[in-house]
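Below is one structure. I have some questions about it.
The letters A, B and C name the chains in turn, as written, and every chain counts its residues from 1.
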């Protein structure tokens, strides 16, 4: 489809990384394998020359210290030059259009844009309008996709379960507003997990979510039964006391992941969260900091996975 | 004169780059030639060791993502360390004077300041008060000068017209408030263009502008006639509906560069703009994105020209 | 004691640098000697490979351009990668706790945190909660300590007076709110100065300050008599016209360091200030810019001293 073509070169290699949609299991697995090779290097080796002489622009229209930092570290460890652009404070405030901003940056001879934007489709739009030698990574666009987060989640899962086909995974929380959930569902499906469940209150479920290949549960006890991996979503507090949600305590009572609830899943079920976590809102501290939690491992893996994606999309330029 | 002495070493080499005023055609040409040598390097070569071990401070009292980015890229590609100082958020807010800020930075063993300030003369003031081993580049001071912008404009013109002496150039728009226009006029004159015209409404013309060696036109049709290069200026929207200007649509009707108007200039006349552009205010989108537009090429050339200036002013230190 | 253990490895080497309290004269002297070795390198040598492959995070919860810049330059000149984290704009604004922020950064495989925080004890808290391979430097915590400032002050003093045991030092101004004063007093005592005096209005003296081993003076003339080193403190203007202070002019009249007052100290007494200075409030311009002032030398020495501390605390990792 459209996205697939845009993301791939004529010979099927990764050119941009905008969405999981349309990518093959082979490409997803290549990302995971490449990330693994970075992770398994001898301790002390932190820097690789793969992006030497390349300039990566962190183009953040939306603030995110964590995501920007991991991209900056990933690029630096691949020996790239990094230019951080905080666009809230830039020419867009002088009334310049997104396309003009991009065209100007492109004219500065850069090689890769890492884009975060609060509007769905921004990364695609940029990929459609930049010259062929520039690669785009989507670092989160509106409520659409956050594919590098999904891939680091897959990488983290694979560190514990080599065979995706045996896994039952539950995604819990505000699926409606979550770009992370969309990308996770696509990746889990493509990598062939046995079952994906979505557990959420009705008001936080997108219409026709079943069409993505998931089962809906409105109840944690039912939904967590027999589950191997629990992927919690962050709840935006600003949605509380709105049409979506009754109250914080009400939400926690029904959908918060407590130690007690965690026991409803499979023994040793793993707990994930894209962060930053809301302790006592969607997850209990005892669970977030507990033995089954992979939350900090996810952050850690973010570097290797982003290095993998960066090194893969930059390859075609050098040929 | 004063500026000339301040900018040059005893043996006539460039020491600071504060203004075009007082610089010889030889030095301007040396900047263009040096920039050309950076531009003509084989693709893939991006980094030069010329500023290795040097520390460049981007000292921006006024925000400008585009200009700061090109200076950061230029310094990085010359292998300098770059320290970005966003002064709006710094000690000046604790009541420290400009001179104290400068003295403190100087004490940190840095080699070059790239200064943008909203007050005319700030870069000169700093150059007068720093120790001999430090070089200053003016990245725009108040309504006074923006000499690196003028030099990248000259470089862009020379890529298309090797012989300046045959060119008729028109500068269009808010000359009154433009530091760019002042620097452009000085550079064009020193490089020996045949004729410089300024086209603007009366309210946007500085007093005694003719003394700079330009001809005044209050009408686009007359002013553009027989012109080779049209240099548009950015219009500050905040000046609209003031004593200076009637309205946006009125301005565009009289001084906006439309496709129709562009045909009043010489065939294949080139269009330039320092950016960021106001589409539909001072320039039509069809012109900005059209074949005769050099706008993005200007941005691109900004890197090589700034590299050239940085490498020239740092030379005397090493001797 | 507690702090001592936390800062030192089992074999007594520096592991974190959180406070002067509990550090031996040997370690303080090692810092000064190491800084001296960086200062005495041949001109032109600016970069050392000691932190190659290490990632230093500048974690500033409180803004400070000067301190952040010197840490950034120090880390860069030791060949470290530097990640600047402006936490005011980060996830803490999404409600994340300090510990979660730290744990997340730690998961990114970084080696050192340089922490500035407006709450006393923040750096200690972080040191207590990070993994063993991470080192913490306190770049100022609340009203508690600013130990790198104290060490660069000691270094600056030693450049002029090799023997601390002969020196009489006066610390002047807002001791009550000063993290700098606390660290200075501890360092001066440990290095064995002859006498430390504190000169301040009663309202700006902490309770039981004498227990730190200082003599109190409420009068400049008495306090400055026979003094070798005058260490001025910055006065927070926001404390003026409050319960603490009558007015700016009243304060300057009683405690401002004028040329006249300076003559009350020993001939050639040296004047120091951690900056940024308030000219005409706590210090006269003629004194700040005069021959006896070491203020800019302090800033200059900040780089070498911070390089020394960084290189010392990173050593244990490599063993």
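Criterion: a residue touches a chain if its C-beta (ideal position, glycine included) is under 8 Å from a C-beta of that chain, and two chains touch if they have at least 3 such contacts.
Since we're looking at a predicted model, the values are computed, not measured.
Asker: Taking chains as nodes and touches as edges, what kind of graph is this: line, ring, star, complete or other?
Answerer: Shape of the chain contacts: complete, all pairs touching.
Asker: State the superposition rotation angle between the two copies chain A and chain C, fitting on C-alpha atoms only and giving a multiple of 5 degrees from 0 to 180.
Answerer: Angle of the fitting rotation, chain A to chain C: 120 degrees.
Asker: Could you classify the chain B-chain C contact as same or different, where same means more than half of all interface residue numbers appear on both copies?
Answerer: Looking at both copies, the contact residues mostly diverge.
Asker: Taking each chain's centre as its mean C-alpha position, how far apart are chain B and chain C in Å?
Answerer: Using C-alpha averages as centres, the distance is 41 Å.
Asker: Could you check chain C for residues that touch two or more other chains and list them?
Answerer: Residue numbers touching two or more other chains: none in chain C.
Asker: Could you please specify the touching residues of chain A with respect to chain C in the complex?
Answerer: 44-47, 63, 65-66, 69-70, 72-73, 76-77, 237, 275-279, 296-297, 299-300, 302-303
Asker: Going by the contact rule set out above, which residues of chain A touch chain B in the complex?
Answerer: Contact set of chain A toward chain B: 53, 55, 81, 83, 85-87, 89-91, 94-97, 100, 103-110.
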